[in-house]
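Chain nomenclature is as follows: A, B, C and D, assigned in order of appearance, with residue numbering initiated at 1 for each chain independently.
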């Protein structure tokens, strides 16, 4: 049987609707505010766009059907999320942006019935936003998760959490936090982490300054957060104690891939903008699109987009089969993140002086895409993991061959 | 429905058998002769390996079942051909090397009943080899097919062919030729080409010198061929007159992809050899595999392999759906050909002085892989085609948007 | 005699003084205003910094001694301008930023005695700024200077200039303009251009909107400018009529190289910031600086810096010998511009999440450096010119060899 | 004073003579034997070419004048050695190939009067060849020199050497060896190495198999060598005991740079061959040289050549000033070695199918250049050293700043 990479008609239909919604409704808002979601109104514009998306029947396509979503599997999210990502405001509009999208995904898999009611339902509906509090200031958990320093100490009826977090996306204005804290061992030890749920107004949670980065499309910023004797009742432990990293895996692979999907949309837009420009711009006795060096950049963008998409499809098929797909998602994420900045960079270059100006959205799309080579694990950490797995396989095979002699 | 990228059990089984056959039987032959198929005996070793492959039930997996093959579609060829390509002699052993494999594919689609009997049957069985005579010395047909200069003139009962060909793979010792000649127009004009079948011993066919290249694994070399008043009866016109390029499309896309599949096998082998080397080689207080810069090369190889494979799967799915997949195959071919030399190059680098020596097969695998960036259309020609299609789409969309106003 | 690449003691001394001035005085101002010169006060802060630089004896080191400068040749400018460029405000502080620096250079070479008095003297002293009005909106002069569309028509006692300019750096607030206009032929024809001098308050000159780009360090922005029946007396023709492009060559090569020098300073700073960061930041059982992939980025930055500097030294030596050095400056500019964004990009990557934030200056330094691959001729136009010269030499040599037979 | 990068007239004259000698006399020999020096006659053709070079007055330009050379400093060697390297047989013809050239250089600096007479004189004259026996099979000295395992034990009147060496260039047929052996400490310890001189026919020296690599231009191959109780009298200790690595530094930097010079010549030749080809080859309605993507490759080759040469000039100026120039030579070597394979690779690509054939010398020049990224320290080891120096400087500066507070 040949491999079938086509999508069902209802998915194709959803893509068409999403694409139209983005181009006709969301993109003009984004353009008007130069891609700065806070300047556009933050949570207010989010709610406005969400309402519109609900009316169009395209809201929260990844959320479970019982919570008002469309229940898309990972494979089917690919074209839909890409269409949404064509505008940097698109993911917020459809409620499929980080970190909410990944949190919905994880809660749908792990949360207890009560937690589904208390946290997942309002989140899936877009009534509240959420934050995933894992990263810490140096020398705590960052690229190296074992460095986790925030602690949760057992107290009567629950836990007391203390520690500092950093780069917590969406923290400012979030309705609740998912907090990763150490319940066993010391910083540097493997394992011993647990996830906790806590409403944002719980005593002891304080959201600090925004860390301003080159991306401007995420509501609630990237913040510093401090937890001081934050009490979490036992009922709000997410999953089981000491199993935080195992549960985080449920979130990790899919969240990496939806990042790729969304940013793919922006990369496609860069190429569209640049190709339109060079197709019309005259120079050197024709249009710029007639020049070999320009054609090379156009083709390299196409190749990069196709390869990123093909790797994404592969990783999502693996996730849909039920695997963690750690290697497939690492590969797809690393390639895509690097491909996207290459694409943005070439697109800028094709448009010359106009490319580096804000007469075109390219320079700011580059700034929007650039952090992806760092967020969700820098390329170097993924390469390290990919290499270690390869070496491990080779050593195992060598040992097996030796044993067979 | 999630996308399913898994293979049926019988295909998996075929891959396993092929892989074992290659590693246990073919690879030792290749190693013994330093990868030089002529040194290993040329057609003689080919027949020997073919017989063995037939005995294993893995011979000509792509050929129609009625002609003794396994009738694999393009998607299923991917893992099988890759397994065969692990040895540079593997494709010859399974009779899936260029140009025979592509010629079988094309004849199975286009040939008349008589032609199937006279040409396809013995070719599919490996009784004879074949050659595809299209490329010409400058300024004839090369990267630019419209430059076709070889002519076929209508004579009583058939055609008289005159012209010079160059770089005709497998010509020396081929049983028959498929000849592309101009039946209308002049060099530089589009179209007007026709394909003809002719036994190699037909009067007027003369095979000249071998053009020695860095690859050593194709039986019959890359030759110069001259056609002097070669008579071809009407019955041996392949397809219809003046439609040669249209028919060539049938061969083109699939042949590009099977090239990728085979060479992928050699790229995987480079990585295997290098990873085994650095996993064992001590230095700098550990093994080389512990060093970050080595790990980066290992990971980059994995990423390149995964991306090439994913693009290949995509293009083959498109071909299996019945399209020409010109763009998908151009993208997959261009990316893969460049990825494979990168992989070979990194593998050499990881192994240092041993890597550039013939104590390891890496340097010669690099030389085997390098021409693929030129064969079957240089990367530059593919990029030009990819870019033109992209620009064409953009202009069409702009015109449609204009018209809709 | 071995080649001597060392600098005289007085130049070394000037470098030391400049470096101290930049780090102690200029950098804090730049940091305080996030590198935005307009936010820092524009011309006001420029004058303040200029006064301070004068007091330090390091002001306008390239200007002729008779006009208060230090009269540095191109070779000696290299380390001084690099030291100044360490802060993006440094060139403005020393009055060696674009376009003033290049205008001083050109006027010193071409201007008549009267023009030196009227225009060069106040410019060299920093009493006024200047603008070089060459680029035009499409389809006028841009990468292709022959497209020049602005016209100067002979009238009694002078010329009347009409046309639109675009991307005119420093136009807003400039004291005078150097205007390139066509005095013969039509757009597309080679030659026929003349340069004119005109005070900014001359009737018919209107400065339009700023084109906002990713760089923020040039006073007066990049503006649209319109000339409507602007009268220029014969005495203010700069050089000879119809020889504008020949004179522009005098400015072109040196201005390209001083661009490289200044931006080199910012690239060095990126590397400094990143190396300091990874030397201190702990992770993975040591500091980040202990990791091979980080070390690779550090080394690649060093290699890029060294190569850019070496090419710069070569081109400046050629300019100091009196040649146009078109090829040497094209090569140095193209390599350096691309190297600098690579350096900024790697520096960001080394610093992870902090690298893409404004806790470090790296992301904005990238945005400051990125346009250099476009400004002063995009890399593609320089590559085209470099290739054409190479091909021309080969053809000439082939013809000479043929003739010698 | 502007920097002067021009060469004295006598050096320019030597370059002209060398260039003519190479193109008229040496290149035809190389081409006749496909670049294989052994096939061309090995030491026999070497002597023949040496005699011719002596007659032309261009033999051994680097050797001390008292030993019949021209006594060129490092700066002046640059253009001369590059001219010689235009043919892969050129360095042998002028007696400036590895390892003899570096050995002459080192002996001229370190050897005692007796050693100069016994070893340097015949070597400089080309009466004998020499070998530098440092590298060892794993886990001995390779990229990591501290792993040195060959031992020299003090005996009456001299030393007894035992150990295995590997990859000893020119060993087969060498007149004498310079042997690096451990006189103190154990493998892994820093220091404790001593250099010894020994005639090749000394008892206990046995030259083993040639390690066949992709390069074919060095007489005497790259061999395995075994030392069994080889006696070396005290008078043949080169320099002082335990100071072997310090003396090796004298050889190291200059030898790296002459490698770059020679291989630069071959890189220039690749570009010449390719540019000639595309200037004449017709296609796509013009010549290949008219196509943008071809022009990009031509320009990139020019840029790479210019940057490699500029870094080389810089490092040689530093060496001529008397420094070790470890960092400058590491940078120049790493950049150049990588640039040269890029150049060869692009040159092949420009020439398409002919490029991968032996109708042009490009594929074999690539194979000749490729090992340079490994020989004389792999790029990764140089990058590691470059990075460590950078990090060291940063830490030292930080400590100084801290101390100053």
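Annotations
Keep in mind that, in the parts below, a contact is a pair of C-beta atoms (placed from the backbone, for glycine too) under 8 Å apart; a residue touches a chain by one contact, two chains touch by 3 or more.
By chain, with names taken from UniProt: A, B, C, D = Acyl-CoA dehydrogenase family protein.
The model shown is predicted, which means the values in this text are computed figures rather than measured ones.
Among the remaining chains, those touching chain A and also chain B are C, D. With each centre defined as the average position of its C-alpha atoms, the distance from chain B to chain C rounds to 50 Å.
Here the CA centre of chain C is 39 Å from the CA centre of chain D. In chain A, the positions touching at least two other chains are 291-296, 380, 383-384.
Taken as a graph of touching chains, this assembly is fully connected, with contact between every pair of chains. Across the interface of their complex, chain A is touched by residues 135, 138-139, 142-144, 147, 167, 211-215, 222, 281-284, 291, 293-294, 341, 345, 348-349, 352-353, 355-359, 363, 367, 370-371, 373-375, 378-380, 383-384 of chain C.
Listed in rising order, the residues of chain C touching chain D in the complex are 1-6, 8, 73-76, 271-272, 275-276, 278-280, 289, 292, 294-296, 298-300, 302-303, 306-307, 310-311, 313-314, 316-318, 320-321, 328, 331, 334-335, 380, 382-384, 386-388, 390-391, 394-395, 398.
Across the interface of their complex, chain A is touched by residues 291-296 of chain D.
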